[in-house]
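What follows is a set of structures to go through.
Next, two complexes with subunit A in common: one pairs it with subunit B, the other with subunit C.
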Partner chain A sequence: MATSDVEPGSSQRLDKDTQETLVTVARHAVLLGWSVVVLFPLYWLASMSLKPPGQANSLPPDWVFLPTVYNYIQLAQNGEFVAAFANSVVMVGASVVLVLLIGVPAAYVLSRYDIPMERDVLVWILSSRMLPPIAVVIPFFVIFQQLNLFDTRIGMVLMYVSINLSLVVWVMKAFFDGIPETLEEAARVDGATQFQGFMKVVLPAAKPGIFSVAIISFIFAWIELLFGLVLTSFNAVPVTLFVYSFIGSRSIEWSMLAAASTAMIVPVVVFLIAVNKYLAAGLSFGVVIKE
Partner chain B sequence: MSTPTQTDRKQRTGTARVRDVFNDYLPYWFVAPMVLVMVMITFFPGAYDLYLSVIAEPTLNVFEAEFVGLSNYQTAFTRGGALHSFVITVTVVVSALALESVLGFSLAALVTGVESSRLKSFYRVLFIIPMAVAPVSLATIGRIMLNTEIGVVPYLINTATPFAAPAFLSEIPLLTVILLDTWNWTPFMFIIFYAGLSSVPDTLVEASRVDGAPLWRRYVHVIIPYMKPVVFVATLIRMIDLFRTFGVVYGLTNGGPGTATQLVSINIYEQMFINNSPGVATAIAVVYLVFVIAIANIVIAKVGFEGVWD
Partner chain C sequence: MADITLDDVTKRFGEGGNAVVAVDDVSLDIGDGEFVVFVGPSGSGKSTLMRMVAGLETQSEGDVYIGDTVVNQLGPRARDIAMVFQNYALYPNMTVEENMSFGLKMSTELSKAEIEEQVTSAAEMMGIGDLLDNKPGELSGGQQQRVALGRAIVRDPNVFLMDEPLSNLDAKLRTTMRTEINRLQNDLDVTTLYVTHDQTEAMTMGDRLVVLDHGELQQVGTPLECFYRPANRFVAGFIGSPSMNFFEGPVEDGTLRADGFDFDLTERMQSSSEECDEVVLGIRPEDITLHERANVDYEFEAVVDVVEPMGSISYVYLRPRRQEGDQTFVVEADGKQPITEGEHINVKIPEEDVHLFDAISGETIHQRTLDSEAEVTVSEQT
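Entry: the complex of A and B
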C-alpha cells in the first residue's frame, strides 16, 4: 500500500482506502485503454497479413479466421521486395558501423579534453539534426549525380550516417562522461598507450551506450523514406520505398501490403524490446542516463 | 617505465615512428572524421540551397549561372503556396508536440505509480512499441484502417456508436495526420519522461505530499521543475524531428486532398521533382532551414541547457 496522508485508525482511513482502490482501478483502466490503442492497429495489420487476399477487407471483419502464410510466401517470391529488404539490411547495417566508427572516438575526445567553446560545438553538432532532410537532400541529389553516387548503396550509407552522427556523438559523450578517468589512468600506469586504454578499458565500460545508440541509429535509418525516394531508382531501393510504391500502385493488394509492412516492423520491435532499458538514454541524446 | 625522449624516438624504426605520431595526435585523429562529415552535412547543403535559389537553371559552373535575385523567393510565396505550407507545418508541429507531451507525461506518471514492478515493466515495454512503425508503414495502417469503404475504424464507429464516422482522409486529413503521428511518437516522450520521473527522489515527492498540496500542484511546482532538463530536451528533440516529418503524410495523403496536408517538406518535394522548379524548391528550403534553426535556437536560448550539462 502506498503511504496515506492521514493518521490510521479512524473511519477516515476507510475512506482513504476506498479512495486509493478507486485510484488504482482508474489508473489501470487508463493504462489498459492505451494498451488497446497501441496494440489494435498492429494486431489489425498482422491479422490482415495472415488472411487470404479475398478475406482481407471483409466487413464485418472476420475476427476468427484460419491464418495463412500465403502473403508471406508471395512476398518472399517477389524479387523486388527481397532485393529492397536486403538493400535496407546492408545499407542501414553498414551505416551504423560507419557512424559508430566516426562518432564514438569523437565523443571520447569531447568528453575527455578541454574543447574551446564546447557547448557551441555540441549545439553545432546537434544542428545537423535540425536541418530538414528535404533541404539537405536536394544538394546531395545534384552532387550525387556528378559523383556517380546516385542510386548506389554507398551514397545511401553516407546519407544514413548524416542523420545519426549527432545522436551518436551526444549519447556517447554522455556515457563517457559517466566513466571515471581513473580507469584509463590506471591502464596507462601499467604501460598502455592512450589508444590501448581507450580500446581495452573505456570502450568495454561504455558497451551499454554503444549498444543502445547502435540500435536507435539502426531504427532511424531503417524507417527513413525521403532519401530512398530522391536518391535511388532501382539498384539501391530501400524497403521503405518498396512499401511506398506498393501504396502508390493503382490496384492495391492490401494483404500483401500488410505483409510487407509487418515484415518491416517485426525486427524493429525485437530491437526496441532488447534495448528498452537504455532507450531513454539514447533517445534523449544522453541527457537521461540512468534507469 | 620512463617516457620516451626525443633521442629515443629518432632511433626507432619506421612503424614505431608512425605509431608515435598516431598516439601523440590521438585527439585530432579521433575528431577529424566527425568534423569533416559535420562540415559536409551542415554547411554544404545550406550554402548549395542558397546558390540554387538565386539562379535560373541549376549549374555547377558559377560563371555560367544566370542570377535572378530573389525572384524565386517571390514565386515561392505567391504561386508556390509556401506560406500555406508553413501554416500547415506549424499547425502539425504545435498540435502533435502538445498532444504527445501531455499524453506521454500522463502515461509516464501513471505507469510510475503502478505498484507491481512486473506490471510496470510490462507497460513500459508495451508502450514503446509504436515507435517501431516506420512512417510509411503508419501510412499503410492509416490507409487500411481509416478507409471509408473497407476501413475497420469507420466500420466500428458506425456500428458501435451513435455517431457517423467522418471520412478521415478527405474531411479531416490534417487531424488524422496529427493523431497518427501522436500514436507513432507518444512513446518517445513517454519513455524519456518515465526515466525522468524515476530520477525524482522519493523524499522530494514525500515532502510535497506532506504539504497537502493537490496532485496537479505537486507536479507543476515540484516534480516538473526538478526534471526540467529532461522535459526540455525531450520537447526540443521531438520538435526538431516533427519539422522533419515527411513519410507519413507522403504515404497517407500525398499532401492532399488539394493542399490540405501540404507540409513544407511535401511542398519542396513537389516543386523540385513534380514541377521541376529547383529554384522555387530551394528558395522554400532556404527559408525553411532558417526558420527551423531559428526556432530551435530561440528555444535553446530561452530555456537553455542549464542542468543538462553540469
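Entry: the complex of A and C
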C-alpha cells in the first residue's frame, strides 16, 4: 500500500490517496471472497470429474491428486451419452429458434397494435406457466401419447417452446414498448414498408432483448429434467436425463456424474460468450433506447 | 416541390359514442415553397393534422392532396415527404451516415457513390460532416437534431414535415436552430409544415400560421395578421406573450361594465356590439399605459400585485382597486419606471388599441385601429 508523505498535524487523518487505495483494496477483498463462494462448487465439480472413480468422493477430500481424463474418455465412448448430448443440442437449439420466431413477432404485435383484451391475452399467455410442472406433466404425457409425440424430438421441442413462450412474449413486449414508435414511422416516411421498418430498424434495436431471452430460454430448456423424464424413453432422451441416470438406487457414480455435468456447462458458456456484448444492455429489460 | 390541399379533413379516434374528434372539418391550401406553422395548445389536433399529410394517420373524412394527386390511399413511402420528429427518431443501431442514407437506399435507385455524395453534401450543409461515423447515442441533443434535419434534407423531398423539432433542446440552442431552420427553408424553398405549441416559434418562423384549438381551425393568416387581426378570443389570447388581457362584462348604455371599472365604448364599438349582451374587451399588455396622476379619460385606479423586471421592460401585474374578483391583468412597463408592489396606480386603456369579442361565441366584433402604415405592413404580408 502506498503511503505518501504525511505532514505533521494531519497524521491522524489519512490523506485522500490513501483513503481511495484502502477503499479499492477493501472492494477487491469483498469481491474476491464472493468469487470464492461462487466458484468453489464449480471447482469442486471440475476437480471431482478429474479424479479416478473411487477417489472422487473420498473423505477427507484429496486436495492433491493426479488428474485424469479417464471419466471424459468413458463419456465420449459412451454412445448413449453422445446421443443424449446431441439430442439436447438439437432439440434445445431448435426450440430457441422456434420460440423466438413465434414469441418476438407476437410481442411486437401486442406492443404496437390495439389488440382487443390485450391485458387478458397477456395473462392468458403467462397462465401457461402458473401451474407447477409436476401438476401438468401427466396431462402432457397423455396428450403426447394421443398425438404420437411421445419420445420424439419434435415433441420435446414443442414442450420446450411451451416452457419459454410466455417469458419471450412478456420480456420482448416490454422491450418493444421501450422502443419509440416514431422509429418505424421515420422508416416508413423514409420509404420503407412496414415490414422493412420492422426488419431493418426495430429488430436491430431490439437485439439486446432478443439475445437475452434467447440465452435464458436456452438455459431453461437445457436444464429441464422433469418433462424429459416423463415424455421420453429412448429416442429423444435429453442430456439431463442421462446425467440423472448416474444416480442409481444403490450408488452414485460421482466422478462420471461430475464429468457429465461439467460437459453440460460447456454449451451454455459458449453461448454466453458469443452473445456477451449484447447482454449488458438486454438485461435491463426495455429501457435501452434513449434518444 | 408541391402545394398541399386539405379538403374537409376530419379525424376521429375510436368509434360510435366514444369517438374523439381530433381534427374537425379542416380545409386548407398551402402554396408551393410556403412555410406554414400549425400552432395550438396540446390536444388541438395540430400533430394529427400533420400526420395525416404524412400518411401516418388516415383521415376519417375528406381528401388530402399533395400536388395534384389525391394521396388518401397512399402510404407515407409513396408521398415523397421527409419528416423530423420531436424525439428525432434516429435509428440507434446505424451510424449517422447510415441514418442519412437509409431513405435514399429505400426510395431511390441511386448508386452507392451518388448516395454517398448526397449524404456528404447534406452533412456539410448541416455542419455534421465529421460525425458521419458516430452512432446517434454518442451525439449531443443539438447534434442529433442536426442529423435528423440532415436526414430530411438529403432526400430532397416534395414536402418537409416537422413535428415540434425544437422542443427537446435547451432555450439557447432552440433560438439558434430556429434561425437555422428558417435559413434552410429559404435556401431549399421546399414546402414546409411545422408543428409547435410555442407561439414565439410560430411567430418567428412561419410565412403563415394555422391556429388550431380542439381540432378546429381558428385562424389562418400571417403572423402579424393573427397578432393584430385575431379572428376570435382564442387566437388573440394564444398569439402574443404575455397573453392579451381580457375583461368581460355587460354593455349598458354604451358602457362596458367590467369587474372594477367602466369602459365607454366608441360609437363604432357600440354599433358592432349591438347584438351582444355581454362582450369581452381585449387589450395587449404593451398597449396599456400607467400613470401616476389621474388626468385622462378611461382611467381607473389599480393596485400593483407583482412586478416582474425583465431588464428593458417590466411586467406589472395589477388588479382594479374596486374589483370584486381576484383576477389580475398584466401591463408592459418601462423597465426603468420605479413601480413597487402594493402601490396604487392609474391605468389608461387606449380606445384605439381595444379589441372586442362576443362573450358567448368568442368571435371578434371589433378590431383595434392601426395607423395606415401599420395597416399596409399587416396586409402586405398576406
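Following the convention adopted for this analysis, the second predicted complex is superposed on the first by the 224 of 291 C-alpha atoms of A that agree within 3 Å, B and C clash if a C-alpha of one lies under 4 Å from a C-alpha of the other, contacts with A are read in each partner's own complex, and residues count from 1 in each chain.
Assume a residue touches a chain if its C-beta (ideal position, glycine included) is under 8 Å from a C-beta of that chain, and two chains touch if they have at least 3 such contacts.
Keep in mind the model is a prediction, meaning the values are calculated, not measured.
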First (subunit B), second (subunit C), both or neither touched by A:Gly191: both
In the overlay, answer first, second, both or neither for which of subunit B and subunit C A:Asn148 touches. neither
Identify the partner contact of A:Thr21: answer first if only subunit B is touched, second if only subunit C is, both if each is, neither if none is. neither
Which partner chains sit in contact with A:Ser249 here, subunit B, subunit C, both or neither? Use first/second/both/neither. neither
Per-residue touch tally on subunit A - higher for subunit B or for subunit C: B
Please work out whether A:Leu165 is in contact with subunit B alone, subunit C alone, both, or neither, and reply first, second, both or neither. first
Could you say whether A:Asn235 touches subunit B, subunit C, both of them, or neither, answering first, second, both or neither? neither
So which positions on subunit A get touched by both subunit B and subunit C? 191, 193, 290-291
Quick check on the complex: what are the subunit A residues that touch subunit C? 180, 182-183, 185-193, 196, 200-201, 204-205, 207, 289-291
Would you tell me which residues of subunit B are touching subunit A in their complex? 1, 22-23, 26-27, 29-31, 33-35, 37-38, 40-42, 44-46, 48-49, 52, 58, 60, 107, 110-111, 113-115, 123-137, 139-141, 143-145, 150, 152, 155, 159, 183, 188, 191-192, 194-196, 198-199, 206, 209-210, 212, 229-230, 233-234, 237, 240-241, 243-244, 246-247, 250-251, 264-265, 268-269, 272-273, 278, 281-282, 285-286, 288-289, 292-293, 296-297, 300, 305, 308-309
In the complex formed with subunit B, which residues of subunit A make contact? 2-3, 5, 24, 27-28, 30-31, 34-35, 37-39, 41-42, 44-45, 48, 57, 59-61, 101-103, 105-106, 108-110, 113, 119, 123-125, 127-136, 138-140, 142-143, 146, 161-162, 165, 169, 191, 193-195, 219, 222-226, 229-230, 240, 243-244, 247, 252, 254, 257-258, 261, 264-265, 268-269, 271-273, 276, 279-281, 283-285, 287-288, 290-291
So, in the complex, the side of subunit C touching subunit A is made of residues 54-56, 75-77, 81-83, 85-94, 102-103, 106-108, 136-137, 144, 151, 155, 161
